[in-house]
Amino acid sequence: MNENLPGWQRLTGILRDPREALTLSRGNIELWANLLIILCALVFMLLKGATFAVTLTTVFGIWAMLSISLNLVVGYTGLLSVGHIGFFGLGAYTVAILTSTTSYENLRTGEIPTFGWPFFAALPVAALVAGLVALLVGIAFNRFRDDIYVLVSFGFAIISFNVFLNLRVLTRGAFGIHDVARPQIGSWVFDTELELMLVSLVLLAIVIGISWFIVSSSFGRVLKAIREDEQVAEVFGYHVTHYKLAVWVISAMMTGLAGGMFSSWTTFIDPNSFILLESILLVSIVILGGLATIWGSLLGALAFVLLEEGMRFLPFLPQEYVGQARQVVLGVLLVVLMVFRPQGLVGRFKL
Amino acid sequence: MSNNASQNDYYILETLDISKHFGGVSAVDGLSISIPRRGVTSIVGPNGSGKSTLINLLSGTLPLDDGIVVIDGQRLRTIHAYETPDHSITRTFQEVRLFDQISVLDNILVVLTTRKFWSAVFERTSRQHRARAQEILEQVGMWEKKDSLAMDLSYGQRKLLEIGRAMALNVNIYLLDEPFAGLFPQMLERVKVLLKDLRDQGRTIIFVSHNMEIVREMADHLIVLDGGKLLLAGEVEDVLNQPEVISAYLGT
Amino acid sequence: MLSYFSRTERLIATLLVAIVLIYIGWRAISSPEQAMQFGFNGLSVGAIYALMAIGFTLVYSTVWFFDLYYGAAAALGAYSVFYLRSQEWLGGQYQVNTPVVNIILAMVVAGVAAWVIHTAFYGRFKERVDATALRIVGGALAMAIGIYTGLVLTFPSYLHITFGPVAAVAIGVAALWGIKYLYDRVSGGRGPRAGLLIAILSGGALAITLGLILVNSPGSKLYLSWAVSCLLAGTVGLALYRGLYVRMRQRSRSPLIMLVASLGILLALTACISIVFQSAPRPLPDPFGSVPWTIGGANIKGFNFFAIGTAIAGFLALFSVLKWTSFGRAVRAIGDDEEVARVVGINTTVIVAIVFFVGTAFAAMAGILSGHDTAIQPRMGLLLLLKGWIASVVGGIGNLYGAILGGFVLGLIEQFAIWDLAGEWKDVVAFGLLILFLSFWPQGLLPRK
Amino acid sequence: MEQQSFTTQTAPTGLNGSGSDMTLELRDVSVHFGAVAALQNVSLGVSRGELAAVMGPNGAGKSTVLKAIMGLAPVTGGQVFWRGSPLVAATHEIVKQGISFVPQGRRVFTHLSVSENLELGCLYLNDRAEQQRRLDSVLELFPILYDKRRDMASQMSGGQQQMLALGRGLMANPEALLLDEPTLGLAPIIVKEVFEKVHEINEKLQTTIFVVEHNIKGVLDIASRAYVLDKGRLVHSGTPRSVQETNILTDVFLGRLGADSEEEP
C-alpha cells in the first residue's frame, strides 16, 4: 500500500478489504501513536468519570490551541520559537486586567483601577494586544534564524515574564490577579466545568479553523517553501519577510486567545504560570505531536495532558513530584525523538 | 539612438562592468557581457572563473558590489531576488535546491500560485493550477511521483524537477546553473528536449556547463569566463576553436 | 533576504548608546561612592557571567552548536555543593543525601571512566597484553572509580579525608606536568633528565604537603566540594557528549536537532534537580565570611574579590592552555575546520570530549559562584547560560578575550541600569542589550579575527 | 597496525598490470554518495618515490580518489592498500602511518599563526625536539613561510596559503603525500611556483606524491605516471607522454569522448 496516500483513502481501502488493516499497522508508528494516545484518553475518562473527562477536555483545549498556533510557526514556517509563552501570558493578563473586578491596595500605587469588561469583549482585545506586541517583536526578530532565533525567543520569554512580575501597576506582580470573569452571554454565565469546556472547545475549533484555512491556502504552501529554503522562495517572487511576520502575528494572536481562555478558566493568574519552562514544555508538545500537522498538535496536547494525569496514578510517585516527573519524561522523550524520529509522532517535517 | 534601440532589442540581458568581491578575492571583476534575445547562451570557464557568481548576481541571490545590469532595456543597480519574476527572470541552482520536505506537486504549485501577499491567504489550489502543474510534471516525466517528497527523489529526478519548477514560472529568461551535471543519458536527453522546447517558444536560456559536448550541441552563443573576466564571446564553434579557450582549460 | 538596518539607523543606535554612557558617567561623577559600589557589584556579577562565557566560548567555538546542557551544568555544580555541604552546614535541615542519587552518579562516573581508560590505554597496550585481561583490568578500574565516587558522595562529612588526598595527588601531578612542560619548552626538548627529576620531586612534595594540609583541616571541605562538583558536572557533560552528541554529530544533522535534544536534556535535568532538592531557592554558605570591607565608600565582601579573581584566573589558565599547548592548538584547529583537523592526525573525538569536560567544569564553577552570591534554584542554569551567551555575543562570539570582556561589560551595564530602574529589570536590560548587539553589531566588541 | 602479514600476492589485474610494486594502491574501489556513484571500480596507484597525477574534468571523481584513501568518502567496494596491506584505520590514524593529505581549496587553519599551522601537521608527536627539527626543515624548504611564521594564516595570499598547506602536510614526514588540486584558483605565476615546489619535494625528499590536478600541462611536466578519470571511471593510465600522445585529454575535456556515463555528482 502506498505510504503517501492520504488517510481517508487508506481508510476506504480498509473498508473494502479488512486485511489491509494488518499490513497498514505493521511498523506504522503514526497509527500506533494515534491509537495508543486516543485509547489512553478513553480509558482514563471511563475510569475517572464524567467530571474528570470534562476538566481534562478543557485543559486539553487550551494546550491544543497553544500547540496548534505554535506549530504554525515552528512546523510550517520553521522558526523554532521558545517565546510563545509570552504571548500566552499577554493574552491571559489582558483578559484578567480587563475583566477582573477585584481591586486592592498595591504597595506603591494605591488603588488599582478596574475595568470590569465582559469576557467576550476582552478576548478579542487580548488577541489584538498579543498580535500588536508580536508585530513589534517580529520586526526585531525577523533577521535571525536557526539557533540565534531560538535564543532571542528565549529572551522574549524571559522579558515578558519579568514584565508580568514587575509591572505591578498593571499586573499586580507576584500577587496575581483574582476574580477573572467567566465567559458570559447576556445572563448566561459559563461557570460550570461543562460550560467552560464548551467555550474551550469552541475557541479550539476557531483556532483549528483559522490554522487550517491558512495551511491549506497558497499562503501555507509558501510558508513551507520558506521553511525549506528561504532564498529559493525569494527567487520565485515571494517577499519572505512579510510572510514570516504575518504568520508570526497570527500565531501570537491565537496564542493570546488561548491565554484569555486560560485566565478565565482558572480565574486567578500570577506570573508563575508563564515561566520559561512552560514555554519549553510547549515546544516539546509541538515536537512530540508532530511538526507541520494540526492533527499532530492535537495529539501532542492530548498526550501531554494524559501524561500529567497518568502520572498521578503511579503509586510510587508522590503527588508533589508529578509536574517534575512529567518534565523528566518529556525531556527524555525529546532527546529520543531527536535521535530516532525528528519529525515527532505524526509529523510532516523533520527539523 | 535608433542604433542603440535596436541593440537593446537584440540583447535581452546586459551587464555593464559588474563586480563581486568575497573578502579580498574578486569572483567577478568588471564583467561586461551581452546576452542575445532568444536562443541558448552557454557560459563556460574553468573552476573558479565566476560562472556561478554571475548567475547569482543576475538572479539577485547575491547583491552586486558594482556595476549595472540591463534587463530588457531596464537599467538596474540592485536586483532583489523577490523581484526577479517581475523582471521575467528565474533560475536553477548548481547544487539542486528544491523545497525538500514538501511534495513534488507542491514544489510546482508554490511557483504557480499568486505572488500577491494578501490574496495568497484566500487562494485555494484551483483546477487550472493543478492542470498546469500536471502539464509540467508530465513534461518532466514525474507525474507519477507527484505525492512523494522532493527529498526522496533521485539526483536526476531532483534536477529535472528543479528545471520543471523554473519552467512553471512563465518568464523569458532562464538562468540554469549546470543543468546537465551528473545526469543519466536518458535524463540528459530529457533535459535537452525541455530546453529545446523552451527555446522554440522564444525564451532566452542561459546555462552554465562543463560538458563541452552538450555546449556544442545545445548552445547558439558561448561566453567564456576566466578569473572573473570575459575571455571570449561569440558563436559556439568560433569560440571553441580559439587556442585561448583550450589553454584556459588545460592550464598555462 | 534578511533586511539589514541602514546606516542612519545604525548611527542612531550608536548615538543612543553614547547618550546612555554619558548619562552613566554623569551619575558616576555626581555620586562617586555609589558608583563605586555599583561598579564593584557589576564586576562581581560580571565575573560570574565571564566565567560562564569563557567556558561557553570554548565549547561553542569548537563544536559550533549551542549546547543547553551547559546551563544545566551550572545548576548541577551549584546543587552538588549544596548536596555535599548542606547536611553539615545546615544541620540536617534538608535530608537530601539519598542512595539513589549517589548510585546514579557513581554509575555515570564509572561509565565515563571506562571510556576514558579504553580510549587512553586500550589501543596502546592491546598488542602487548592479552585483550581480555586488559578489558577486565580496565573494567575493574572503572568500577573502582565508580565505587569511590559513591563513597565520596555518601559520606560528605568526611570529604577532607576521602577526597583531600586525591585532590592533592591531582594537583601534584598537574604541577609535575606543568614544570616538565615548561622545562621542555625552555630547553627546547633537548635538556637532560634533570628537568624530569625536578618536576617529580617538586610535584611529589607539593602533593604530600597539600595532602597533609587537606586531610588535617576539616575547614577545607567546602573548597573540596567545589572540586567534586566541577568534576561531577564535567563528567555528566562528558557522558552526554560521548553517549549522545557524538552519535548525532556523526550524522551531521542540523544544529537545531542538537539544540532541541539538549533542550530535552536541560528540561529533564532541571526537573531531576527539582525532584531531589525541591524547587524553592536554597542558600549556599558564605565561603569567606560575610563581613564587608569598606573601600572608597563601597561595601565589598571577600567573596566578590574571589569571584573576580576566579574569572581572571580561569581566563588566564584557559588562554595559556589554548595558546601554548599542543592540546590548545588542536582545539583551535578543530574549531577552525574539523575535517582538516582529522586529516592532519588529530583525534577529534577525544579532544572535543575534553573540551566538553573543561567547558562544563567552567559552567559548574560559575554556577557555584552564583549560588554563593545569591541563592540556588533549579532553574538558575538556563538564565545563567543565557547571560553567558549574551556576554559572549556582546564580546564577540568565538573570541576568548571577548568572552571575559563581554562578561564584565554585561555585569556593569546590568548594575548601572538598575541604579535608576528597579532591580528586577536587569534581565530585561540584558536581553535588550542582546537584541541591540545582534541587530547592530553582530560581530560584538572584539570580533573573532 | 595489527596485520603486518607481508603477503607477496600479486595485485589483481590493474589496468596497467604493474601491480605489486605500488606502495599506495586502490584496487577496484567504488565510492557511492547515497545513490550516486562517484567512483566505479577504479584501480590505480603510485610506486615509491614516484609522482602520479590524476586528471579529468569536473565531477570525474578525482578528489574522491584521495578522499577514499583518507577514509573521508564511503568506500562501497574494493580496498585501499598501503605498503602491501589493506589500509583500515580512522582518518586521524592514517597520518601516523605515513600518508599525509593536503585537501582542496587551501584549507589552512585561518585563526592560527603560520608556525602553529605547521606544528599541527605533527601534533601527535610528543617529541618536541623532533617537532622543532621538522619545523626547521619545512621552513627551510619554504622560505616564504619563514618570513611570515608569526602571521595569522588568514593574512596570507592564496599562493602562500597553498605553500602552508603543503608544508603542513610535510610536517608529518610522510612517505606519501596526497595533493588535492594544489593549484586551484591560483594565479598562473603562482601555479608554476607550486608545481616547482611539488617537484622539488618529490625529487629532494623522495616523497611519493599522488596529485589530483586540473592543470594538465603543469602536472604532466613533473609527473611520472598519469591517470585520466572521466565520470567516475578510469579511462586512461600510463606515462605522461602516453597521455599527451593519445589526445585523450582534449577529448575528455572538450566532450568528444561520448556520453556513455552513469550518474555522478
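Residue numbering begins at 1 within each chain, and the chains themselves are lettered A, B, C and D in the order written.
To be clear about the criterion, contacts are C-beta pairs under 8 Å (C-beta built on N, C-alpha and C of every residue); 3 or more make two chains touch, one makes a residue touch a chain.
Not measured: the values here are computed from a predicted model.
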Which contact partners do chain B and chain C have in common? A, D
Please indicate which chain is farthest from chain B, where distance is taken between mean Cα coordinates of the chains. C
Among the chain pairs here, which one is joined by the most contacts? A-C
Just to be sure I understand: the centre of a chain is the mean of its C-alpha atoms, right? Then which chain's centre is nearest the mean of all of them? C
Rounded Å distance between chain A and chain D, as computed from the means of their C-alpha atoms: 56
Averaged over CA atoms, how far is the centre of chain A from the centre of chain C? Could you give it in whole Å? 35
Between chain A and chain B, the Cα-mean centres are separated in Å by 43
Separation of the C-alpha centres, chain C versus chain D, in whole Å, is 42
If a residue has to touch 2 or more other chains to count, which residues of chain D qualify? none
Which chain A residues sit where two or more other chains touch them? 231, 234, 240
Multi-chain contacts only, two chains or more: what residues does chain C have there? 1
Can you check the complex and tell me which residues of chain D touch chain C? 1-2, 70, 72, 90-96, 100-101, 103, 107, 109-112, 116, 119-124, 127-129, 131-132, 152, 154, 168-169, 172
Give every residue of chain C touching chain D within the complex, in rising order. 127, 184-185, 188-190, 326, 329-330, 332-333, 335-337, 339-348, 448-449
Can you list the chain A residues touching chain B in their complex? 2, 4-5, 213-214, 216-219, 221-222, 224-225, 227-229, 231-240, 242-243, 246, 348-350
Chain D touches which residues of chain B in the complex? 25, 46-48, 154-156, 181-185, 188, 210-216, 240, 246, 249-252
If we count contacts the way the header does, which residues on chain A are in touch with chain C in the complex? 80, 82, 140, 142-144, 146-148, 150-152, 154-156, 158-159, 162-163, 165-166, 231, 234, 240-241, 275-277, 280-281, 283-284, 287, 321, 323-328, 330-335, 337-339, 342, 351
